[in-house]
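To keep things simple, chains are lettered A, B, C and D as they appear, and every chain counts its residues starting from 1.
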Amino acid sequence: MYIGRFIITASTRRWALASALEAKGLGVSATLGPGEAGIEREISIEESPDKRPGYLLDAGHRDRKELNYWLIARIRKGVLPTPTASAFDAMPEEMAQYHAEVKDTPIQIFGDGYEEIVERDGRAVYKIPRMDGFCYIETKFGVARGIAGGNFLILGESQATALMAAEIAVEAIREVPYVFDPCAGGVAASGTKVGGKKYKNAVATTNDAFCPSIKERVGESKIPPGVNCVYEVFVNGLNLTSVERAMKVGIEAATTVAGIKKISAGNYGGKLGKILIPLKKVLEMH
Amino acid sequence: MYIGRFIITASTRRWALASALEAKGLGVSATLGPGEAGIEREISIEESPDKRPGYLLDAGHRDRKELNYWLIARIRKGVLPTPTASAFDAMPEEMAQYHAEVKDTPIQIFGDGYEEIVERDGRAVYKIPRMDGFCYIETKFGVARGIAGGNFLILGESQATALMAAEIAVEAIREVPYVFDPCAGGVAASGTKVGGKKYKNAVATTNDAFCPSIKERVGESKIPPGVNCVYEVFVNGLNLTSVERAMKVGIEAATTVAGIKKISAGNYGGKLGKILIPLKKVLEMH
Amino acid sequence: MYIGRFIITASTRRWALASALEAKGLGVSATLGPGEAGIEREISIEESPDKRPGYLLDAGHRDRKELNYWLIARIRKGVLPTPTASAFDAMPEEMAQYHAEVKDTPIQIFGDGYEEIVERDGRAVYKIPRMDGFCYIETKFGVARGIAGGNFLILGESQATALMAAEIAVEAIREVPYVFDPCAGGVAASGTKVGGKKYKNAVATTNDAFCPSIKERVGESKIPPGVNCVYEVFVNGLNLTSVERAMKVGIEAATTVAGIKKISAGNYGGKLGKILIPLKKVLEMH
Amino acid sequence: MYIGRFIITASTRRWALASALEAKGLGVSATLGPGEAGIEREISIEESPDKRPGYLLDAGHRDRKELNYWLIARIRKGVLPTPTASAFDAMPEEMAQYHAEVKDTPIQIFGDGYEEIVERDGRAVYKIPRMDGFCYIETKFGVARGIAGGNFLILGESQATALMAAEIAVEAIREVPYVFDPCAGGVAASGTKVGGKKYKNAVATTNDAFCPSIKERVGESKIPPGVNCVYEVFVNGLNLTSVERAMKVGIEAATTVAGIKKISAGNYGGKLGKILIPLKKVLEMH
């Protein structure tokens, strides 16, 4: 997966958040649309490029051209129109495989010749006139080849149990750097299998083997007795170590919740190999 | 503009909100990408189709085919994968010009044959198996030909003043039914003009006449003395009356803020004619 | 219980909320400190006395003098110092048994002679100079003799299950008028019994009969098999009908959650008589 | 001022926040009621005593006995009843002048003999049975003699300007350790003078010299021409260096906002000496 990583800042934290949510939107893992995106974490004023409150985001796509397009589009739609918001590259230099240029994109062209390249925090940034002053957007954004599809399934005795475990896992994962989770609220209810059984031409369909509600209708259900709900947590990241670290932290957090019966894993594209982690082994990881 | 209007519900208000933000994302007015979208308002449990907390959303596009595509895509990415979330049509029957069908879209096909059509709250809905139970999505969503590009510009003596006025306007507009505001946080900082002066082939560029920061560099700046910041509020809606009502309410709210010098309006596509409302006239509207 | 009901408004919803949270604080039901308080619900700009965003709050105390003192203190500490905030009476005229006067309290005296009584929305209000303009506080607040201690216990198979059921109950109760729930987040984890077994002089101690974690150490545990967690939802209100309506709505919402084994009720002061509602009967209420 | 500093944790961040807001409530600086309290900042899971999300809070009072009482009362009302919440001491050992004991308070007594002292994260904590499991509260909380009343006044050309500057200052101050701001949303609109001019016996009344709205009625108004609104930011802290650092950071942040005319300071008890910082000097501090 190609991944771009960037910081959105604004005068106040709530405007930075409004901008980040807009830029992240429609970024759930799916087989259509504008690729994946997630808010990695809040950043402090201290560590912010322009000493304003901000958020760290990642955008990812399996196709390089598509990534370049949507990385720019997310900043164009989420940052450029939003009061006081600006955007800066956040890809560590050593991880960048190439840089997506803002030149000749709808961001630079929006300036209509009034835009300038200036220096800010040691970076070359476009200074683009906006009705509330200027919008600052870095001239290029580093892109890495990262890891997609890290994931684990939380099998719980009830919906509430599985959901609380998933929430706690997501909060724990948020503290691991270089990873992001594209799901709304960090949790996926719709497990996906590649292709379809009945709909042969389908790109992706429901992961029926892990749907407790149709257990009896599915040939090879993987739902053990006592499990009534499954949630999935996805982890994408800049490198394998970070993804594995996030999965470990997430699974450990999820299994602190009473009523979790098993942790398993999907196997979507074979990228991470087939992972099946029994609860017992997970608990031994502590 | 073609507009679809729908309700997202979930077990708890925060999961309904997570779903709504994801589905609304990348919906800022712009000349690229997945069209426009906005959260119209929160809905009570009482008025909710399945008696769960929810939000009312609108999606719009000037092209009918694109609207159909992105309306489904927003639900596919924002609702189907999100824990406990479901989606229902919210277009008043008498306003619907046609219905976008879910049949044969990635939503229905996701069911892989396990999906069924059932009745819920007097509606025909797809019941699609998901790992946490079932996702309910109405079989068709009404689409109206509505009004796009209602807008007004708030000219303030300072950034803080214009921004507070814009925020207050947006909160007031949220109480007017049948309208939505596509901007992140409801406010646009990037005024837009059609085409470009320097970049002749550009689709849309900065509204330089309303950028105080480059007042001296612009031939025909429309920034009066004492104005240092401009914000814009957009209003799309199902009919002209609602859009006008929302603009009146928004302008009245904005002008309660000390330091607002003038309310003006852009003129993007000629749809609403040229509107120029001096502050004096606005105050007489009270 | 003596109950005062009031509205806090501010220029923006987030400042109204900041004010409301401060005024509500330390209002959890307990046998010490500043009595009880809760945010009843958000109010729209349309229904607001000064056409600004706001919240409806209630403060309660079993002692009339204490209620008068803390009602004023909550407004003095939560509203008077908070940017743009004002406070208005919200007790329906026909329910008020008497009015708590602001005259000669720390609110009026704060004006140091600069305060005036003016009319606003048909009300007599103090207009008190503040560094950001004026604070408007109604001259008197109606107090009713209401109902305290409406409550029900949610017995769940796990913590996550009981907690989600409690959250859903609280969201449903919020739509019932004239009631408030004093707990943080609306849910109580610390069941209370009057007096103590070991600590004879204690005013209130843990409701050991409903603590699953010490089931074996308690003589007459009321924890049925399969129950591992209990949460309690309190409902105070201006009249019995509203409290009963809220309890019905809350219990019905809670029991939609899979894994809830039983709904029961505490019996704290005998005020509401002994209520014990088996899950079966609750489900029949639908 | 005597200050206690403690951490509240819970299973999820939102329950930790609900608990923290309840415990912080009614903590605005005022001359009545339960003293002062503030949320210092969010803490990460990594730095949390029980590896759960949490918040760092401070409670302060000029009177030692009162501080002890309300420190315990805030934990008793904000933490003990709140789902999954626990509380731990956060006073650095070298700063503690003494410790407030939980023994024989309503917290310990609530346990009714079922409470035990256990070790957790190297601390001695009460393990108190609650209906959702156990509540963990450290056996003693360190108290320091800190600094109260650090403050600065933000004089702006308009309300919106002064308020945005205050918000930005508060966000910046939140990153300075060992300080807290007791105001709702961090900002005070009600400047206070000791005693009264007209009401001779008053403890505290409106700071009329800094109220632009009554400028003409006040003998010695300190409002310069062009100033129409004033907000105040308070900073309490464990030591003078931290308070000064926070004031510097806050003033620098506030003065980045266009339309701020002057930064001044109140002088409430002479504790910090008379501070008057002209804007020019502040800008030189950069």
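As a working rule, a residue touches a chain if its C-beta (ideal position, glycine included) is under 8 Å from a C-beta of that chain, and two chains touch if they have at least 3 such contacts.
Computed from a predicted model, the values in this text were never measured in an experiment.
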item: Number of hops, chain B to chain D, where each hop joins two touching chains; value: 1
item: Same vs different contact residues, chain B with chain C, by half of numbers used; value: same
item: Centroid spacing, where centroids are CA-atom means, of chain A and chain B in whole angstrom; value: 24
item: Cα-centroid distance, chain B relative to chain C, in whole angstrom; value: 35
item: Mean-CA-position distance for chain C and chain A (Å); value: 39
item: Residue numbers of chain C (touch at least two other chains); value: 11, 14, 159, 163-164, 257
item: Overall pattern in which the protein chains touch one another (line/ring/star/complete/other); value: complete
item: For the chain B and chain D complex, residues of the former touching the latter; value: 14, 156-161, 163-165, 228, 257-259
item: Contact set on chain C toward chain B in their complex; value: 11-13, 44-46, 53, 164, 167-168, 171-172, 175, 257
item: Chain C residues within the chain D interface of the complex; value: 11, 14-15, 18-19, 21-34, 73-74, 76-78, 80-85, 106, 109-114, 128-135, 153, 159, 162-163, 166, 183-185, 187-191, 193, 196-199, 202-208, 210-214, 217, 229-232
